[in-house]
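Same chain, two partners: subunit A is paired with subunit B first, then with subunit C.
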Partner chain A sequence: MVTKILSAGNLQAWLDSLVAAYQVYAPVEGEGASSFKKIAKGQMPAMDIRTDTPPKGLIFKQVEKILSFEVNPDGITVIPGDENGTKKIVFGIRPCDSRSFTLTDKPFFDPNLPENQYMGHRNASALVTTACTSACRTCFCTSIGGAPDEKTGDVWMMDIDGKYLVESLTDKGEELIKANEGLFSDASADDEAAAKRIGEEVANSMPKINIADAKALDALFNDDAFWQKLTDKCLSCGACTFVCPTCYCFDVRDEGNTRKGERYRGWDSCMFYQYNRAAGGHNPREFHWKRMRQRMLHKFSYFPEKYGDIDCVGCGRCIRSCPVSYDLRDFLEGSLAVTGAAPVGFEKELSDVDTKDRSCEIKPADETVKTGGGL
Partner chain B sequence: MEKLEAELREKAKELLEKEEVTTVIGWGAGWNPAKASPLFVRDAQDADKLVFNPFCQNNLAVYLPRLNEKAAVITKPCDAGSVVALIAEGKIDRENVKVISIKCPGTVNPAKLEAAVGSLDDATAAYLDGDTIVVEVGGEAKRVPFAQVALDSCYLCNQDNVFGDVVIDDGVTKVTGEAVSVVPEDADSAWWRDFWAKEFDRCIRCYACREACPACYCRDNCAVQALRERWTGAKLDTKEALMFHAQRAMHVAGRCTECGSCERACPVGIPLSLLHKQVGDAVRKLFDFNVGEKADVRPPLEVFRKEELESGH
Partner chain C sequence: MTSATKTLVPTIATIIEAFDETPDVKTFRVKIDDEAAAAAFKQRPGQVAELSVFGAGESVISITSSPTQTEYLEFSIKRCGVVTDYIHTMGAGDKLGIRGPYGNGFPVESWKGKNLIIIGGGIGLAPVRSVLNYAIDNRDDFGHITLVYGARSPEDLVFKWEYERWGAVKDLDMNITVDCGDDKWSGKVGFVPTILKEVAPSPENAIALTCGPPIMIKFVLQDLAEMNFTPEQIVTTLEGKMQCCVGLCGRCNIGSLFICKDGPVFTLAQLNSLNGDF
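Here is the complex of A and B:
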């Protein structure tokens, strides 16, 4: 893999050459919110902003047709959705967002249950990661195993004093640099040392949150009072999960009629009341605190237990976008305080799982326990 | 302001100690000094965590239809209107709710403040100093006149007759100023069509607007998400977003107090207040009705009056 220097003046030329060959998406300021948008020749992305919405939807589309069907005299014709993604580059993506795709890959690239369309878009995309030269107050990537200068994606670059240190991390990334070799010059050991120093400085500027391990958190499952208190103010909307780069819940819906129609896959949110509602009206997560418990434990207990990594990248978007300023770090700190008191190495017995919270008792939707809010 | 906060905490403590309520819903400190966060106080000793300042944006009336316990809610005069509207609609049991109203100095519109001082994400302090809002970022204190960054609705807010079981009046002066509208005088339907097409193009359908709205209490039965009839399609496009918002605007017509809670909840900054003001203007004109004024009058679109038919409405 190669490590090069790109002068600030050559950034536009590199982008233009990429724009000529691929669809290039990059951070763009916008009315009301910043996001990743397709850029045109000559357009300089907003390299210094953290976008309000994540780049998630470029690969895990918010809504996507997964098949269409038609009943004809000979039977049913089913046409699968497009599994060959368009070649695209996600440019100027922060390390946390870049890391988020490596996490979502785990369930969607699962050989037992491959998500073909996600895989198609993912394989056709290259990520050009821009390391952070400062952190903001809601950033906590260093607490979940990431770093402001984490080398993730296909190309990694960092602004070191007005020029960029650029390193390819994969063959795909190397291609993007090699095709434009004339724009780059060689990097020196000093350049690499400078990048290392900046990365350490930024990481040191961020407060580190200690996070209880997956098993200890799972043991909190039955502590209703903990979840109720934590969730009191939550409105149970989907803002936090829709701006989250790692949330990957989806729903499938058919449109059309019994003879001809289309099937769509779209983002869903575990915070929605409807998310768990079953036929017949039973809802196992009928209260907002049970939905919050799902959101927190999925990220910090179930996912790490299954795949080894925490399913949160510490981008802080959920904190910034929440209409009631729910702060996920309160959960992390609060749960550590509670689980810290539990016996170390506590293993949950299977019988513990089968208690009232997972029972099939049907309660009317508007009935609430005394100490918990309603929906 | 300190005196007001002290009175508020005292009152909350008293209600909890006397067991008149099991929770007092107010505001506490948020992760960011320019964002207070709703706080449910259940222990009298936690009452001291209650705060009140121009960053207490949330309309706490939103929680009332969701609770089945005796609760006290702290309201700004505009939020008190939402409580009145909910009582008028029969959505909350008057017996179970204690309303602590505050005569308030006005509330900051975060979008205006950000336009004036830049991102609030890294603010280390934010407060009202006389008639100036001060935001400290990176050791630098940025000052902007409160009159320039308050919510538009605050300029029009009349606090003479505030609804509440307790009204805390600390003699604070309310902010005055002029609303600056992005809507041109001669905006016609084509202008509005283009405007909303542009704005709703970025709606991510997260439903934060709906969940933050005291008038949107349908929960599982919300027309756009109910599992039975679906009134919006699966596709994510401007047309479907418009359908959702037009539907919501009509459903809250005559019940919406124009509190702006929906707009402040939106993570992508869609100016929903403009939509609800348009609908509100129509309700005022057609029915001569002000939402949130009387607790014993049902909203106009909920009742059928023969005269309306005869007058051609």
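Here is the complex of A and C:
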């Protein structure tokens, strides 16, 4: 794998070369929310922002056609949805978002029951990760095993004082650099040391949350009062799951009529009442605190127990987007208190909630940094 | 294991026969159209399949026929939602989508030589009937069979057309009960747990299987414990809201296990060790 230097001035040229060969998606400021959008030649992405919505939907589609069907004289013709995915580059993805795909891969790349369409999009995508040179006050990637400079994705790059240190992490990534070799120069040991130093500085600037292990959290399951207190103000709106890069629950719906139509898989949310309501009315998670318990324990107990990793990347989007200021970190800290692993009183933690600033200070104030966004 | 490499895409099956069991339960005999897909569809007793009505949606339904019945797959479906309402309008010759079989099923191989106590309530007889007919078709592999089955009323009893055949099987003690009889009913009257206590099966070398409404299961479990059945000897099959049936869509979990993939069959010992909503 190669490590190179890309001058800030050559970034646009590299992007243009990639845009000529692939669909390139990158962070773009939008009308209401920033997100990953397809960029055009000559368009500079908003490299400094943390997008309001994650790039999840580029690979785990918000709506994916599973099949289309049509009744004909010989029976029913079923045409499976496309499994090939479109070749694309997700450029400027943050290490936390990049890591999120490695987590979702675990259930979806099941060798016995693969989800072919997710796999298709995943295999057709290259991730160009931009390391973070500063942290939001809602960021907590270092607490869940990540890092602001985690080397994840196919290409990893970091802004080191006006130039980029660029490293390929996979063959796919190496191709993106090699095809544009003229734009890059060799990296020195000083460059790599600078990147390491910046990464450490950012990591050190972030508060570290201790997280109880999967088993200890599972033992909290029967503490109804804990969950009721935690969920007190939750509106079950599902904003947290919508902006979560690792939430992957889905619903399956048919459109059309019984003669001709399509079947779609679409994002769902465990925070919704209907999520667990079975035909006949039985609903084991009728109350919102049971749904909150499901969401928290899935991420921090069940998933780790099954796959070894916490199913959260510490991006903080759920904290920034919650209309009633629920803070995931309150759960993590509160759970430690309840399991006896921390002296912090849970009551105290919750009462402090509304005084905390949840904004991400990263957004650029300078309007000129904003780019197109019209795509 | 499904034969399809396209996990969420069903294969086509034809309904070859459909008949009413009760006012709201209908049994469907179904054959998979594609020969290779039909041959690859090898279920164990207690497994489930995802049935599709194209345009209405998918539902997870237990396969009530025993794998020893190779001519067709049977599904007994209660009308209680969008898909099942639509299925009830269908009959012989109509096409369904099917994928599966899914889930673990009952470990019938490890029950060889054991006495079976099968306890069902209402439509809950459907999943355990696969074991009953499997045991009847492999009669020498199992010991004494006790069936305790009940429904709200005589007209709500499912599989009435099977009772005569079951009654003639050697060493099979059949106890059919209703919560509330009518003029024509001459059989037992009483809730399933009450009749179970009367029958008082011995836990020695036995496995108790139960499926039915949650309230019935609750009392059956208590009564079995009083009869000295251990949690390892008590087996149940669960249901829940499921969309994908392959452990991905998220909702049917009990702790880190999914009903659709790791279940639907659980021993009471397993359920006691899990924290979960179900």
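Following the convention adopted for this analysis, the second predicted complex is superposed on the first by the 340 of 375 C-alpha atoms of A that agree within 3 Å, B and C clash if a C-alpha of one lies under 4 Å from a C-alpha of the other, contacts with A are read in each partner's own complex, and residues count from 1 in each chain.
Note that in this section a residue touches a chain if its C-beta (ideal position, glycine included) is under 8 Å from a C-beta of that chain, and two chains touch if they have at least 3 such contacts.
Just so we're clear, the structure is a prediction, and the values are computed from it rather than from any experiment.
A.B. asks: Classify the contacts of A:327 with the two partner chains as first (subunit B alone), second (subunit C alone), both, or neither.
C.D. replies: first
A.B. asks: A:253 contacts which: subunit B (first), subunit C (second), both, neither?
C.D. replies: both
A.B. asks: Now for A:20: first (subunit B), second (subunit C), both, or neither, which partner does it touch?
C.D. replies: Neither partner.
A.B. asks: Output check: A:114 vs subunit B and subunit C. Expected answer is one of first, second, both, neither. What do you get?
C.D. replies: In the superposed model, A:114 contacts subunit C only, not subunit B.
A.B. asks: Looking at A:189, would you say it contacts subunit B, subunit C, both, or neither? Reply first, second, both or neither.
C.D. replies: It touches nothing on subunit B or subunit C.
A.B. asks: Quick check for you: in the superposed arrangement, does A:277 touch first (subunit B), second (subunit C), both or neither?
C.D. replies: The answer is both, since A:277 touches subunit B and subunit C.
A.B. asks: Considering only touches as defined above, state whether A:137 meets subunit B (first), subunit C (second), both or neither.
C.D. replies: Touch partner of A:137: subunit B, not subunit C.
A.B. asks: Between subunit B and subunit C, whom does A:233 touch in the aligned arrangement: first, second, both, or neither?
C.D. replies: first
A.B. asks: In the superposed view, which residues of subunit A touch subunit B and also subunit C?
C.D. replies: On subunit A, the overlap between the subunit B and subunit C contacts is residues 253, 277.
A.B. asks: List the residues on subunit A that touch subunit C in their complex, please.
C.D. replies: Against subunit C, subunit A makes touches at 66-67, 69, 71, 75-76, 78, 80-81, 83, 107-108, 110, 112-116, 218-219, 221-222, 248-254, 256-261, 263, 265, 268, 270, 275-280, 282-285, 290, 294, 297-298, 301-303, 305-306.
A.B. asks: For a test of understanding, state which residues of subunit A touch subunit B in their complex under the given definition.
C.D. replies: Touch residues, subunit A against subunit B: 30-33, 35, 52-53, 62-63, 136-138, 229, 232-233, 235-239, 241-243, 253, 255, 264, 266, 269, 272-274, 277, 319-321, 323-327, 329, 365-368, 370-371, 373-375.
A.B. asks: In their complex, what parts of subunit B are in touch with subunit A?
C.D. replies: 22, 30-32, 35-40, 42, 58, 62-63, 65-69, 121-122, 198-199, 202, 204-208, 210-212, 219-220, 225-227, 230, 233-236, 261, 264-271
A.B. asks: Help me check something: in the complex, which residues belonging to subunit C touch subunit A?
C.D. replies: Touch residues, subunit C against subunit A: 1-2, 5-10, 12, 33, 52-59, 78, 80-84, 86, 95, 97, 214, 239-241, 243-244, 246-251, 253, 255-256, 261, 275-278.
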